[in-house]
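Look for chain A in each of the two complexes below; its partner is chain B in the first and chain C in the second.
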Partner chain A sequence: MKYFTYILRNARRNPVRTGLTIASTGICLFLMMILLSFFAMSAEVSSASRIFNRIVTMNANGFAGMLPVARVRQIAAMDGVLAATPFQWYGGKYHDEVMPFAQFGVDADVVFDILDEFTIPADQLADFKADRKGTVIGRKLAQDRNIKVGDSLPLKGDIYPVDLDLVVRGIYDGPNNRDLRMCLFHYEYLDESLKQTTMGAGSGGSLATEASRISGNAGSIFIKCQSADAMVELCRRIDDEYRSTEFPTRTQTEEAFGQMFEEMMGDLKNTVYWIGAAVVVSLLFVAGNAMAMSMRERTSEVAVLKAIGFNKSLVLFLVLSEAVLVAGLGGAIGALGCKFLCDYVDVARFSGGFLPFFYVPWNTALLGLGVSLFVGFASGLIPAVLAANSSVIDGLRKVV
Partner chain B sequence: MIPFKYNVRNLRARWKTTLMTVAGTALLVCSSCVLFGLVDGLEHSLTVSGDPLDLIVLRKGASSEVTGGFESKKADELLELNGIERDENGPVAAKELLNIAMAERHDGTHNNLIVRGVQPASRVLRPDFKIVAGRDLEPGKGECVVSRNLSRFYKGARVGGVIDLGEKEKYRVVGIFTAGGSAAESEVWADLKDVERNTGREGSVSCVQIRAASAADMDQLRTTIDESAQFRLSAIPEATYFENQSKSSIFLKGAGTLIAVLLTFGAMFAAANTMFSAVKSRTREIGTMRALGFSQRDVLISFLGESLLLSLLGGALGLLATLPLSFLTIETSNFNTFSSVTINFRFGPMVMAVALIMTVVMGLFGGMLPALRAVRLEIVSALREL
Partner chain C sequence: MEGSPSIELRGVDKEYRRAEFVVPVLSDLDLTVAEGEFLALMGPSGSGKSTLLNLVAGLDTATRGEVIVHGRNLGTLSEAEITRWRADNVGFIFQTYNLIPVLTAFENVELPLLLTKLSRKRRRENVKTALRIVGLEGREHHTPRQLSGGQEQRVAIARAIVTDPYLLVADEPTGDLDRATAGEILELLEQLNREFQKTIVMVTHDPLAARRANRVLHLDKGRLVDDVTDETSISAAS
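Moving on to the complex of A and B:
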């Protein structure tokens, strides 16, 4: 530790170079955080949903398949089930904006018992339950669009040939890593409208396969189980129950349901990882180059150090520490800076509805920090070994 | 003017530093180019998909084929309209029905696939529809053809295989097709009647594709389809339709731009670092040149030129490194349709523009401060420097 001042002085000797290296590392790490967080975040959110004891049922052939709404009641009556609600994607347009935010038709009476991480004032919930055309929206959505309780929220059908004239009855809130940009409305309102539509049979889009033909499609069903132990067994029991019907189901935990979306991203994940890897290798060159340039300028100094009795390993240590310090500082600024920026600024807001929320998970931030330390170590290695093995005589004789 | 050879030789004399800088910046340029090549590929697939005389008919209010849908009865009437281009097989117009179903990839993961139920004319309505392996499907036999892109990723998606989309929906693959890089290359095509039957959606279509005989006919058709009480549908020129769909790539483009900007800054600092060091170790040389009578401007231009040359090497190497990726196809999910989309890397103007912009920015801005420092040196003290 007594050499720390010396290392620090050395690092500060060429402030421009050190500053540029730190900035370069910081920017690249900042970028890596954004890229990696996208996937790390969804994985973390899926696995965090484990504690809610929820399972999700959908048609075995995918989202677009039929899932008769009568099954919500049947499943809710099963042993081990606390409550169940339909969760039907409406995908309507808001002022001609296509897919502005997620909209789901739900059972107003139980939805907040099932999604119990969300909080909503009791009077607003009661208003929502009482109003067939009522809707409850997330706090962030309300902020984005400046919507208040009592405002109307007209949605135009895109997948479905019916429009919904919703009125905001409540605003729910919850943890920052949950979707606070949803619009939840009465399933019955959509279903009734579909029954009354004057459009002929088959006027729904592919994403709604059967729904508009005969209405009564639950889309998917969110189920709250009594205990974590019951989940796997329930998934099996529900699927067995409907196996030989016209519409077999696929039931999975909310965690697996979330992973399914991640799985769908396919090659994008690998592409992003490859880019991340390329950035790290590039940083090795950049930081290594800077360190090598510094050491070249200090050749005679190193020789003096050795002449006055610093041994090889100490020189090695001094040079490596300096490299790790510089890169680590860049990493800390980039990785932690990105984390805190995303914590304080709601970045997801600028994604045009693509992301409901965005944050950098701690393990990703720490990974970034680790990567920068590794970059420092690896980039300092060659200059350090060269310095440690340099000849004292040559070094002293050399005029830079 | 200081000869350019001076700069070339300097870079060569300090080859280790030059190499490190070039390798570092090349990787950063390459990463940005890969991203923009993919964005370009996605946008290209959408622009080549639209023929100027083609119309796509959707239910009013629907924003895309996967969300649109209307009665087959109306669709049949549409096919009878005047003004539709005709060839030896009748009108160049087709009813199409899309189904989205979950399929398994080779690696065991799943994604939704778009299965398009088509009529014979559908092929004419796509640019360069070609069967590249096997044969075209025969109607009513439960056969399908798969795009070449998808055939690389999905289980059973080869000639002789079976696309298994559930108990009631299985198609025998009889051929592999390409469609000139258009959006159809992310789809499975089966016979309209087969898809109708398998999905239980008889009497319904997702869209009708029409080619108008002339521009005047196209306007006439649009008015009829949009306004007559008989239809009340929405006829959109294909070019406009795909332009709207490309909005989905805006997020990708925005993200790509952000990444490229950040990487440019990273590369810029790396170049600046190298140039600062170059200026520092040549202080005496600079002093000598000034003493010989080269002006401050000469020195500035010389060092900027060296910086540009350095980043040009990096940029060119990075750009070259993307060449083998011309055959890169990635498969991911389009979150407007919740289904598979394949993107071909496209080495085109966009990639080259990105590489050029990055190169110039990092060369000029990265070299500016070091060059200015070189200019500001006092001749006497520079000559005195060790």
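Moving on to the complex of A and C:
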């Protein structure tokens, strides 16, 4: 600690250069945090869903495949199952918005028993259950669009050949790392609308054909299990039950279901990691150059320090500490700054609906800080070794 | 204390290698400096006086011969040992002061004490004492840029004496100062020699500075050509 003043003063010797080094480190790490957090957050949220004892059933061939809604009742009746709900993606457009927010047709009677991390006032839940055209939306979705209970929420069908005239009956809330931008409505309302389209358009129209094809499809089924122990066995039983049918199923834990979306991104994750590595290398050059310039200007000062008794390891320590301090400050601003910014500002609302929520996990922020310390150490290593091994006589030559 | 040998050079040669050339700087030099002596080294540029200063200060090693300072043969010490030895025994005063510009006068003087195990309070006391000796009380928090040349050199002297070394080496300590300020700095060096019995080895081109010493050595082409000790002769020789 007794050398801290010396290290700090030297770091502040050229404020512009130090400021620019800190800024470049900070900005690079800030952007790196955004990229890395996207994957780290998905993984963390997926693994955090373990505690909810939920499994998800979908068609074995993927989301495009049919999953008859009758199976919701059949699965709900199985041993070890507490409740089950269809979870049918609608994807309608709200007013002129291009990017739809998440909209799902669900079983209003049980959906909040299954998604029990969410909270909703009892009277609002009762109103939702009682109104077939009712919908419940997340707190952040309501805040983003200034929607209140009682407002109408018209959705124009995009994938589906039907429009929905929903009325907001409740606003749910929950932890910040869960999706608070969903719109949940009665599955029956969607399905009946599809059936009416089938009947109204006659049997020969393309709309009617499409509506007929989609009607009765649960999309996916979210299942609440009685215990974590029952989950794997239930997945196997459900898939065994429908293996020989026209629509075989694939059932997995909610965690695995979440990871499946990550896998859909293919090699993007590795690409991002490579970009991160390239950023680290470029940071090394920036910080290393700044440190080398700084040390070149201090040749005679280092010689004086060594003359008055500072040994090699102490000189090495002082130069490395300075480099680590500067890069570490950049890391603290970039990595921890990004974390706190994302914690206190709902940046997901600027994603145009692409992200329901966004935060920087602690392990990612600490990784960023660690990267900055490594950059400081690595960038300072060569100047530090050169300074430690420099000749006192040569260093003093300018003045002797 | 004065009279016993503080510095002994026995048959010292110093050569520098520049590519394939060997450049002799000091040749077969024998010298004894008594403890508490104020020695001035004079001579033309390239005569080897700075090299001699570097040898007795432990900054450089002799090619041949022995350099013994206060009973230690410097040639036998490892790099780490000689660095430690310098910290304990030698104070340096340079022509261009060589203060750390980002540190205050207090912090510059404190630098050598950071290498000791002294407590913060004790370090503070020692720094204040050193600054008082050089007449810079009240200037502790000034940076070198806020001080005059003479004041900077006083800070450098305070830095050199703060660990209470027995040897002070000064390389052209008044070279960058005007006549009046140079006189004050030399007065201070005389005081350190007289009152605190510091052995001082000073390189100078300035005859007036050399007159402050109680012994003047003249070097030429790496050899000792004159060794003057009495006051009249010093005045005449310098």
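Basically, the second predicted complex is superposed on the first by the 378 of 400 C-alpha atoms of A that agree within 3 Å, B and C clash if a C-alpha of one lies under 4 Å from a C-alpha of the other, contacts with A are read in each partner's own complex, and residues count from 1 in each chain.
Rule of thumb we're sticking to: a residue touches a chain if its C-beta (ideal position, glycine included) is under 8 Å from a C-beta of that chain, and two chains touch if they have at least 3 such contacts.
A quick note: this is a predicted structure, and the numbers were derived from the prediction, not measured.
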{"item": "Contacts of A:Lys2 with chain B and chain C, given as first, second, both or neither", "value": "second"}
{"item": "Partner chain in contact with A:Ile393 - chain B first, chain C second, else both or neither", "value": "second"}
{"item": "Superposed model, chain A: greater residue contact from chain B or chain C", "value": "B"}
{"item": "Chain B versus chain C as contact partner of A:Phe310, first or second or both or neither", "value": "second"}
{"item": "First, second, both or neither for A:Ala278, with chain B first and chain C second", "value": "first"}
{"item": "First, second, both or neither for A:Ser300, with chain B first and chain C second", "value": "second"}
{"item": "Touched partner set for A:Asn61, first chain B, second chain C, both or neither", "value": "first"}
{"item": "Partner chain in contact with A:Arg12 - chain B first, chain C second, else both or neither", "value": "second"}
{"item": "Touching both chain C and chain B, counted on chain A across the two superposed complexes", "value": "399-400"}
{"item": "Touch list for chain C against partner chain A, complex", "value": "50, 54, 57, 59-60, 79-80, 83-84, 86-88, 92, 94-96, 98, 100-103, 107, 111-112, 114-115, 120, 159, 171"}
{"item": "Residues of chain A defined as touching chain B within the complex", "value": "16-17, 20-21, 23-24, 27-28, 30-31, 34-35, 60-65, 91, 93, 98-99, 156-159, 161, 163, 199-210, 212-213, 248, 260-261, 263-268, 270-271, 274-275, 278-279, 281-286, 288-290, 292-293, 297, 351-352, 354, 399-400"}
{"item": "Of all residues in chain B, those that touch chain A in their complex", "value": "16-17, 20-21, 23-25, 27-28, 30-31, 34-35, 38, 59, 61-74, 97-102, 105, 109-112, 114, 153, 165-167, 169, 199-201, 203-206, 244, 247, 250-251, 258-259, 262-263, 265-266, 269-270, 272-274, 276-277, 280-281, 330-333, 335-338, 340, 386"}
{"item": "Residues of chain A touching chain C in the complex", "value": "2-3, 5-6, 9-10, 12-13, 300-301, 304-312, 314, 392-393, 396, 398-400"}
